[in-house]
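Presented below are the structures under discussion, each in the form of structure tokens.
First subunit A sits with subunit B, and in the next complex the same chain sits with subunit C.
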Partner chain A sequence: MLRSLSLGVARGCSSAGSLLTRAVSTSLPVASGSSQEAIPGIDVEPSADLLRKARVQPVLLKPYVDPVLHNEDHFEMAKEVSIADMFAARVHYGHRIGTLNDNMKWALYGERQGICVFDLNVTQKYLIKALNFLAHVSYRGGMVLFVTSDKANMLMVEKMATDMGQYSHTRKWQEGTLTNTGQLFGASVRLPDVIVFLSTLSSVLERHPGVVEAAKMTIPTIGICDSNAEPNYVTYPVPGSDDSTPTLKYYMQLFKLAVDKGREAREKAGNA
Partner chain B sequence: MLSRFVLRRLASSALKPHNFRNTSTATATSTTSATATDDFDFDDFEELISDVTSIKHDSTQTFAKLLRESKFVQLGDFDGRLVIGNIVHRVHDDLYVDFGMKFNAVVKAPEDDATKYTIGSRVLLRLRDPELSEKFLGSKRELTLLEADASLVKLLGGGQGPRRRTTTPKQESQPPAKSVEPSES
Partner chain C sequence: MSSTRPTLALLTRSLQNLRVSPVQALQCQDLSTAAPQSSQPQKLKSVGRALENYLRNARNYEKMLAKEKAEFELGKRYLANIMGWDATSITQDDVDKAIEYLFPSGLTDLKARPVMKPPEEILPKFHKFEFDREGKPMDPLFFTLKPKFYGLLSEVGRKTQHLVRHYDAQVSRGAVPESEPLSLAGSAWISDVDLGRRLGENISPEMYAQLVIALDYLASLPLAIEVKDFIFQYRQAVVAGSNQAVLFGPPIPEVQIDPASNRRMASVVTRAKAVKVEVTVRDAGTGKYTVDGHHYDVFRSVMARENLASPLIATNMFGRVDIEAKVLEGPYGLSIVPRAVRHGVSLGIAALFPDAVEPLRQLKMLTMEPRRKERSKVNQPGARAKWIWKRR
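Here is the complex of A and B:
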């Protein structure tokens, strides 16, 4: 498990960068006057007056934000996620109606012969959001940790995570993996920038302790939430099946695509 | 439509071909004499090929339609239905069979012919329950076993072979590796 988390720079000094200015080496004068609009491409800090107004109207800061973040679907994940593919990958199968968690009712299309069926239109919407976020994290050079307690598929997840140059944790989750790194690993450890839960439940069908630990450490999480899962502490819940091997393979392929897209965009921006 | 296309392809070698778009339902032999002057346009050939091959892959179907026409809905009540699955894992005599639903069914390989039940073999199962879950006294929700309940009927195909290869694309295009026997009640 020590191999899964890399030793390095502590999280506080991570190179994720601030959202407002992008890699500014030469400092430009602060724009004076609240009426002045920032021209995209020129790194200008917003004035104090504008910042005060932006407290109630955050959209005023949009010209100062990196153009990459302007479009919600910047990495065009809507093309990659199709209802037909999700259906073939059995994403719409839920558990029995008797095991339904009340907090997952919003994602269901209904139940058929006692088996919950997910509404793939809802799943598609949330999956696109999650994939875009993952691509953005990869674009900024972030570390992704894939977590699952599914013993049948853990080797596949480990392999695919290594293939995309990221990390995985599929063994028993030790309490304090994220919150007590000093005691568990000795030195200060770089924590992941996003954690992807292939299933938000542990092997005893309770909420995975990693979800709460990530929330405590303010690490955003992407979680595949089945019909018996609790989506409460997950930042980007994706309602769908988390049990069949073809389903998990489908998710991992999409996550790999998102991470690769982000990395390619990063390399392209670095070269340009 | 496919049979008419094949007939005309065979006829075109002997008789002069004509424009496919203008034909009615008549056979090739009767219409070639009437419109013998039309030239065969190879651009239409590509269109016709794409028409024929793209019938099954409709990516614009809504989720509601996909669900309504799926085998999952067609099966109805799962108890007693015959389904076909592939063996995905084997631990001594326990076979883990994937029949196209959420969970795998775990069945025992019979003592005779136990070696024939290899990973990748197709088996026929009688499905009882696609997910074993029960409510225990005192608990608010049911507890699920994360597996399906089925009984083994017989072995169908081998692990590798041309017969399996023709059915694999069909299994992957729709969720089921399932088929319903006509004699089923």
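Here is the complex of A and C:
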């Protein structure tokens, strides 16, 4: 039941999120007839009775959750993501209308002269969610893997990932990299905690095999989904262009910001 | 924030339970911040189970290897005792010869024969990764499966990009950059085997081809001289005088210097049918031509003499080279020795004079005649001939 509160599991967690933001002033739950502490705190585990009630009303567990997770935009990513910047970085350009994937129609503003145009309000909303999640993973000391098949931008992505102290994979994806580590690496290894796809399509314009492998291994993914992409298996899809270099630079700068914010918060909490 | 561990653990445990690595469940317990450590004396610094397994395997491997090494050293001392050698000075060569003597084996597969070698050479290798204490790999390209190779390829790509941009920037300013082109004469790209050994990774032919294409392009750029040091790290000097084609081609021998007369010479052993000959061709000669010590006019047949002289005719080497042929083995008939010697002489001349390769190749004198006498079968007079067939 705690899964519904965790930020990294399902795309459709907006219901839990809205519950969290809506019911701030709920009366504190009192365990009836239990010997445990009545007043909850972050030091105490909730009683079985409360957990049972929380199945229907997850917001009851809010006092027991780390304050860092109370606010959906804890790392204040809304300030960093502006529609003007996205427009300047050409995020709103999709591909031609003939290549539109039905599962991306929700993210489009419309079509102009045969080119799909993304609704940047939608993009902004999803980008903020994704950046916050990335920052939280970095805050917990997690491993991030940046994946792209775009040969024009692979060196830039590799360099920025290395500068962040994270990992990158811009080469041909070997099937089983995540699911068959015993055979490919010779031993089981620690897998990335989140995988960021700068493009969810491979160089032959099919779904990138890493997306499915990450889903099989229940590794949360952040994916830039263009108008011809399939967003189904991606945990945090971000609708937007995945083609031009300024666009990818814009995304990578934001990802770097998120990772750095998370790391700084971790260091600050470590020193406090 | 002083004691957030229980609730954090609760939340992170639920998150972590979602993700398992294929072999075991990966439960990294220490994902909390470093804050609680000051208040909690026993800090949870346990690494994931995957990493625990890896460390255990590494330790077991080290122990096993130490044991095998000790046994090998003891075995060498026993061997010295048996063979009556001095125990202190034994080389691996001696050991190999002794094992071949003590355990003679007729097995055709050489890998199946008895062997006594240091354990590192025989036992399966344990690939040591580089991780930090949290189990995170050190190399940012770790998940590409060949981090060192792809790191090198990316390095070549970055240098190429830099040179191209530098050149374009200068051209756009109007100053066409003049720099001498990079000279790669006398060297070849590092072989894939050597590269694999240097990087510590297995490199497939396709990967090697990719790298060579990238390096070739980098070396061909106008400003390549700026990255000369980097490029020459991956060039190997080619031994002077070896004009042997790398992939395929006639086995043209290497040119040596004859110590006695200080002349260039090339020596080759060839076959024809059942006859094996050794032919030595020396430069700066007077036209001597001997077969088994006799001058070639012991061959009375015109065809034999034509065969023997044809390489010299084709390349116009009469009087320039000295030829010495020796029959090594085989029963031989009248015309076969000249054929074998002709092939040997052609290879020798091709080695000494690279310009002669083309005319000899076109006359098909550099290729060995591979045909052998076919065996006779039972119930037949010969290899193919049949007895007279009668209908009834």
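The rule is simple: the second predicted complex is superposed on the first by the 230 of 272 C-alpha atoms of A that agree within 3 Å, B and C clash if a C-alpha of one lies under 4 Å from a C-alpha of the other, contacts with A are read in each partner's own complex, and residues count from 1 in each chain.
Definition applied: a contact is a pair of C-beta atoms (placed from the backbone, for glycine too) under 8 Å apart; a residue touches a chain by one contact, two chains touch by 3 or more.
For clarity, every value in this text was computed on a predicted model and none was experimentally measured.
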Inset, instruction - Applying the touch criterion given at the start, work out whether A:98 contacts subunit B, subunit C, both or neither, answering first, second, both or neither. - result: first
Legend entry - Which of subunit B and subunit C A:113 touches, first, second, both or neither: first
Inset, instruction - State whether A:135 touches subunit B only (first), subunit C only (second), both chains, or neither. - result: neither
Inset, instruction - Check the residue A:243 against both partner chains and state whether it touches subunit B (first), subunit C (second), both, or neither. - result: first
Legend entry - Partner chain(s) touched by A:83 [first = subunit B, second = subunit C, both, neither]: first
Legend entry - First, second, both or neither for A:64, with subunit B first and subunit C second: second
Inset, instruction - Check the residue A:224 against both partner chains and state whether it touches subunit B (first), subunit C (second), both, or neither. - result: neither
Inset, instruction - Decide which partner touches more residues of subunit A, taking subunit B and subunit C as the two options. - result: C
Inset, instruction - Quick one: classify A:160 as touching subunit B (first), subunit C (second), both or neither. - result: neither
Legend entry - subunit C contact footprint on subunit A (complex, rising order): 2-3, 5-6, 8-9, 42-45, 64-66, 69, 139-143, 145, 154-155, 158-159, 161-162, 166-169, 171, 174, 177, 179-182, 184-193, 217-219, 266, 269-270, 272
Legend entry - Sites on subunit B touched by subunit A in the complex: 59, 61-64, 66-67, 70, 72-73, 76-78, 88-89, 98, 100-103, 130-131, 133, 135, 141-144, 146, 172-175
Legend entry - In the complex with subunit B, residue positions of subunit A that touch it: 82-84, 87-88, 90, 92-96, 98-101, 109, 112-113, 115, 117, 119-121, 152, 205, 228, 241, 243-245
Legend entry - Interface residues, subunit C side, partner subunit A - complex: 1, 3-4, 6-8, 10-12, 14-15, 18-24, 26, 28, 31-35, 48, 50-51, 53-54, 57, 127, 129, 131, 134-137, 140-145, 150, 154, 157-158, 161
